[in-house]
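Alright, structures below, take your time with them.
Here chain A shows up in two complexes: once beside chain B, once beside chain C.
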Partner chain A sequence: MTLLQLPTPKQEEWRWADMAALRTAAGSAPQPTGIDPASLFLDLEGPRLLFVDGVFDPARSTPGPLQITRWTPETTHPLGQLAQGEGWTLSLAAQQAASCIQVVHLGSGGESHVPAQIVLAEDAVASMVETFAGTGWANRLLQVKLARGARLMRSVRLIQSAGFVSIRDEAEIGEAASLVSVFLAAGGMASRIDGGITVIGKGAFAEMGGALLTRETQKQEAAVVVRHEAIEGSSRQLWRAVAADRSTASLAARVEVARGAQQTDGEQSLRGLLLARTATVNLKPELEIFADDVKCAHGATVGELDQRAMFYLQSRGVPENRAKALLTRAFVADALARIGEDTVREAFAADADAWLDTAL
Partner chain B sequence: MLNIENLRAEVEGKEILKGLSLQVNAGEIHAIMGPNGAGKSTLGYVLGGRGNYTPTGGTVTLNGEDLLEMEPDQRAAAGLFLGFQYPVEIPGISNVQFLREALNSQRRVRGEGPLSGAEFLKLARAQADLLGMHHDMLKRPVNVGFSGGEKKRNEMVQMGILGPKLAILDETDSGLDIDALKAVGDGINRIMRAPDKAVILITHYQRLLDYVKPDFVHVLADGRIVRSGGAELAHELEREGYGAIAA
Partner chain C sequence: MATRNAEAHAAANKKYEWGFASDVEQEFAPKGLSEDTVRYISAKKGEPAWMLDWRLKAFAAWQAMELPEWAKLAIPHIDYQDAYYYAEPKQKKTIGSLDELDPEILRVYEKLGIPIEEQKVLAGVEGARKVAVDAVFDSVSVATTFRKELEAAGVIFRSISEAIREYPDLVRKYLGKVVPVRDNFFSALNAAVFSDGTFVYIPEGVRCPMELSTYFRINAENTGQFERTLIVADKGSYVSYLEGCTAPMRDENQLHAAVVELVAMDDAEIKYSTVQNWYPGDENGVGGIFNFVTKRALCEGKNAKVSWTQVETGSAITWKYPSCILKGDGSVGEFYSVAVTNGRQQADTGTKMLHLGKNTRSTIVSKGISAGRSDNTYRGQVLVQPGAENVRNFTQCDSLLLGDQCGAHTVPYIEVKNPSAQIEHEATTSKISEDQLFYARQRGLDQEAAVALIVNGFAKEVLQQLPMEFAVEAQKLLGISLEGSVG
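Moving on, here comes the complex of A and B:
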């Protein structure tokens, strides 16, 4: 792999990307992580895959319907196209279901690239959780195809202690199908969560959102484009960014409504919370609409903790740091509320709490 | 219990309290009345330790301890409760979550063990029942979408749960209908009328004082206590207004 192909901040879509952190992570020498991979799986019945430094570990995996193969995905995405070689695929036939799939990526340093593919036939249903832990540069590409009525619920948590995680999701959502992806970035790594989702069937639903929590000099970003090419589709991009110390969290969300994609309902909500005056939140909400009968609600705001609420909590006996933690957790709550499975949602909330304990 | 001597305080660089003195002993109920903008809420905030409300002179002790040196949460643990004129809405945090956190934080400071979720819920429900607040409202986000009267009732439920030594209640009676006024008045008497507790009621109206009979009534005007008397002073104020008295 050559780092020369990497995008640069001169390109508009990459201006907030921390490519320096990516290079450092890619060049880092592997070190023992001291993390027991078993501790990264949640207590859920379902197929499990473990990748250590991008290499599948069959001894500690139970793939069920998932398959491990090698291939070179087709994509034009500059980071996504680097994700080739050994990866995983899930194909479900019509009406089949696979729930609580867990994929854990543990890195010890250096770079790792894993492609993945999910293809759901008509009315098939799948749910999965992905966890990124350890360090190094973890680069992932996921390509999703949902046929009519198929449903995929995906929750991804980035809890690497350092390094860089880049995720590129590409999805095509068919008629009345639904894709919901929720991300939580609550580790010490830099990140780029990147999505290109296309609504190609009538009445499809696409949601991609989550929370980025940054501290110290960390930089994280999410950049998502949802493109509506069919009528009566709806999409939702709900992102929360919390930045402490001198960190930067950036959210770029774009909704494109193609000519003819009438009765599209696109919702965008980007909100940033600054826990320090030295922190930065960048928001870039964009709408590009070529159809006339469309409903697109969007909001983008950045603020600090509400001082009146802080005093109210403190005046009842809650110490300042706990008050900040409660208000910050409340701020990200809507972004994580979409996770359907209780165990998963609670695990994500616990990760956010652990972050708050260190950051405040 | 509370001893305020010659307290001066500024808000945003402007002096609002201009040498205010007040002594409140255990077992007493004091009413503070006074014209709009006199500094009544400011007094409550300064005693509660709100940022931007800066004491610039004088002393305040609560049971002998220097109140002004303490953080707001330490003041609460020391037994101070502030009933807000405008209770704050906090989306995303439920009443129970907030109050359990608050009570357990206070208990920790006092060296008492935390209440479990179940123990706390029992206490919270009992207090809600006593104030005629529906249990569902305990689960709702703090004050979000509550009517003005519901917010004030919620302040009293909080007071019942936290069991303070000294309550400063800032216009807890405003915005209440007749039934709610009675419920709140009864609540104050039940929770706070005890030999080891005390209350400062900030109010504009006699009607709350019909339920909660004050031992002393003070007039606060232009940052000072300008007149003090017994319960009859409130009637006099209601009849004659502040103009004649505060002048």
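Moving on, here comes the complex of A and C:
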């Protein structure tokens, strides 16, 4: 395989990436996971896809409008390039709707690569939930094209117990279209969530955000670039990182405003919370602006839990651990609030709670 | 049309008032860079063997290094063999007083408004504010004023080649300590071929009686300037140091690769201010100085403080990150910067605050102003190491865009390994609003005066950190740099 061509931390865009964990996961021998794939689907109507070790499982899937095909996507992204072979596509005609699509990836070790594609015609609407469970290196590429007025809501949770998950999202957002994607990494794996979103239509909206929860010696990372090429676009990048034990959580977010993309409104909020003395949070809120009539602001903070809030809760009889968990939950909740579907949001919050119970 | 062109030309020329070249007789080392060049410079300076050794090691290291590419800069190919690495104004062997200095050089400094002579006169006037000046002309320090008075206070203020001869132990102890030879491509190059610069030592408990200042001037064609500044502030001392730079207008690019090292011991404070006004090239990006500078301060002792203030208006390309290593407990680092780019200038500048000690604090205020077809990047890093308790950092980066053909970028890195740290970062990007302009115009200001006023207001937080004389000059420079960029 192509492990030799993998990026290295010497490259500026990959300086916080945990390539060693990726190599280890890729080389790990398959072992039974003991997870029932059915338990990974949420109780929601809609098409379901199950990939076990990157292989489509037709018996336990109900594809509906989704198609399973083999292809090699075009991308220049070093990990995205590797995602070729069997994958899924969704294309909706104008004003059609599909919800809530569920895609579950269960890994038992070794590497698996799945490409995916979503093409929504004018005013089409779709929502999807993707779940990563098990172990091994799961490498995924998703390419999204939204025509005028199309809307996509995407929620992704990473709850693998070990291994590595790398996700590359590439999206082109047309006029007045909207893409909202929310990620939650609350497992034991290392990860790299990579986004390249381009606003190509007037007045489009792009949001990519989420929460990375890391513990033990885990390293997780999100690296997102939102590029505005059309006027009056707006984008939001709201990320939260919580690092416990000896772990590292890294957030790199960039807003690019191309020449002529006037009246762009870009907002970034990156916040890190350190739960232990040995943990690390890295933030890189980047702006690259070539137009003069824009509103771009970013805020970034790192710190520990507010000591006054801790004291207040304890003075009301809440035990220390519980108080920590409550405050941390509130810190993470910001990032999950954007998930529209109640069932999905609650499931994600439950995953975050489960993580907090183990970490604190 | 022709008249308009001529007028435009005159206006463009006016923009850079310091663009004259002067006919000072000069002595060059042969073009090109090799071990022999390094040996030549060292011999010319009459350096001890350890210094030559150090240079040769640096040269060997440099040969194996590559130009850094991470900055957001389009750097044209630089032929390191097609430049002079040593140019010395021919002068009498030793100068007893300023009267013996080549009058042509004196005239240059007069034109620049550097008051070497004037200061001597003023020295007799009671209550006059004194500034000691070290003037570096191409590669060589030509004049250092107020030496005696400084010596009485115990302050050593020398060109670095003199210091190497007169205080070898002191120089040897600190040279390359803050910026190691192998730190980066340009620091290695500088270590190999640096020809002069300034050395300052402030002894324990001394508050330097006057501001110290170095004025750098590149004059000769095809030369690179590589100066080295080393400032050591011993326990409880204080010094304020100013630096200014200009160069003639020439069509080819010239390289300026300086290294500045600051060391502050317990309770010492160093205030380092720069007004950088190297020739920026013409509006089409022809010519100009490549300003690739490594500046770093080490807060070695407890409660040491280093404050960098910079006003960057010149240079075709700026690559510069004045940084603080906050090693001593309770030490403080500050960085105040205004960077203005116009025409086709590119600036990639910012700072690093490396928090190693407990209770260390840092403040970063960066104001970027882009106009014309220029690019202006803030690139910074705040790093908190595991042992650094109760670190506090506040960063503010504001960008102002004048026109729709320029770019403003912010690339901050925040790396925190201690939960007791409080790190805040804020950034905004904006343009001058029509309302602001309208208001100023309505009060009778013309377009340019209005823009200058608003820009000065935008940069005020930084400008007020500068010593008074510099602040006035900087304010004027901002206005000149942005002339013709609006309306």
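Going forward, the second predicted complex is superposed on the first by the 360 of 360 C-alpha atoms of A that agree within 3 Å, B and C clash if a C-alpha of one lies under 4 Å from a C-alpha of the other, contacts with A are read in each partner's own complex, and residues count from 1 in each chain.
We adopt the following convention: a contact is a pair of C-beta atoms (placed from the backbone, for glycine too) under 8 Å apart; a residue touches a chain by one contact, two chains touch by 3 or more.
Computed from a predicted model, the values in this text were never measured in an experiment.
> Will chain C clash with chain B on chain A after the two structures are superposed, or do they fit?
Overlaying the two structures gives chain B and chain C room side by side.
> Which partner chains sit in contact with A:296 here, chain B, chain C, both or neither? Use first/second/both/neither.
Once the two structures are laid over each other on A, A:296 reaches chain C alone.
> After superposition on the shared chain, which partner residues are touched by A:275: those of chain B (first), chain C (second), both, or neither?
Only chain C is touched by A:275; chain B is not.
> For the overlay on chain A, what angle lies at chain A between chain B and chain C, C-alpha centres, nearest 10°?
Rounded to the nearest ten degrees, it is 80.
> Let me test your reading of the model: by the given contact rule, A:120 touches which partner, first (chain B), second (chain C), both or neither?
Touch partners of A:120: none, neither chain B nor chain C.
> Taking the superposition on A as described, I'd like to know which of chain B and chain C A:200 touches: first, second, both or neither.
neither
> Which partner reaches more residues of chain A, chain B or chain C?
The partner with more contacted residues on chain A is C.
> Thinking of the overlay built on chain A, is A:238 touched by chain B (first), by chain C (second), by both, or by neither?
Once the two structures are laid over each other on A, A:238 reaches no partner at all.
> Looking at the overlay, what does A:326 touch: chain B (first), chain C (second), both, or neither?
first
> Taking the superposed arrangement, what is the smallest distance in Å from a C-alpha atom of chain B to one of chain C?
Scanning every C-alpha pair, the shortest chain B to chain C distance is 14 Å.
> Once the complexes are superposed, what residues of chain A are shared between the chain B interface and the chain C interface?
None.
> Mind listing the chain A positions that touch chain B in their complex?
306-309, 311-320, 322-323, 326-327, 329-331, 333-334
> Inside the complex, what are the residues of chain B that reach chain A?
Where chain B meets chain A, its residues are 45, 48-51, 71-73, 75-77, 81-82, 84, 87-88, 90-93, 97-99, 101-103, 105-106, 109, 142, 158, 162.
> Would you pull the chain C residues touching chain A in the complex into a rising list?
Spelled out, the residues of chain C in touch with chain A are 70, 72, 386, 399, 401-431.
> Name, in rising order, each residue of chain A that touches chain C in their complex.
12, 259-260, 262, 272, 274-304
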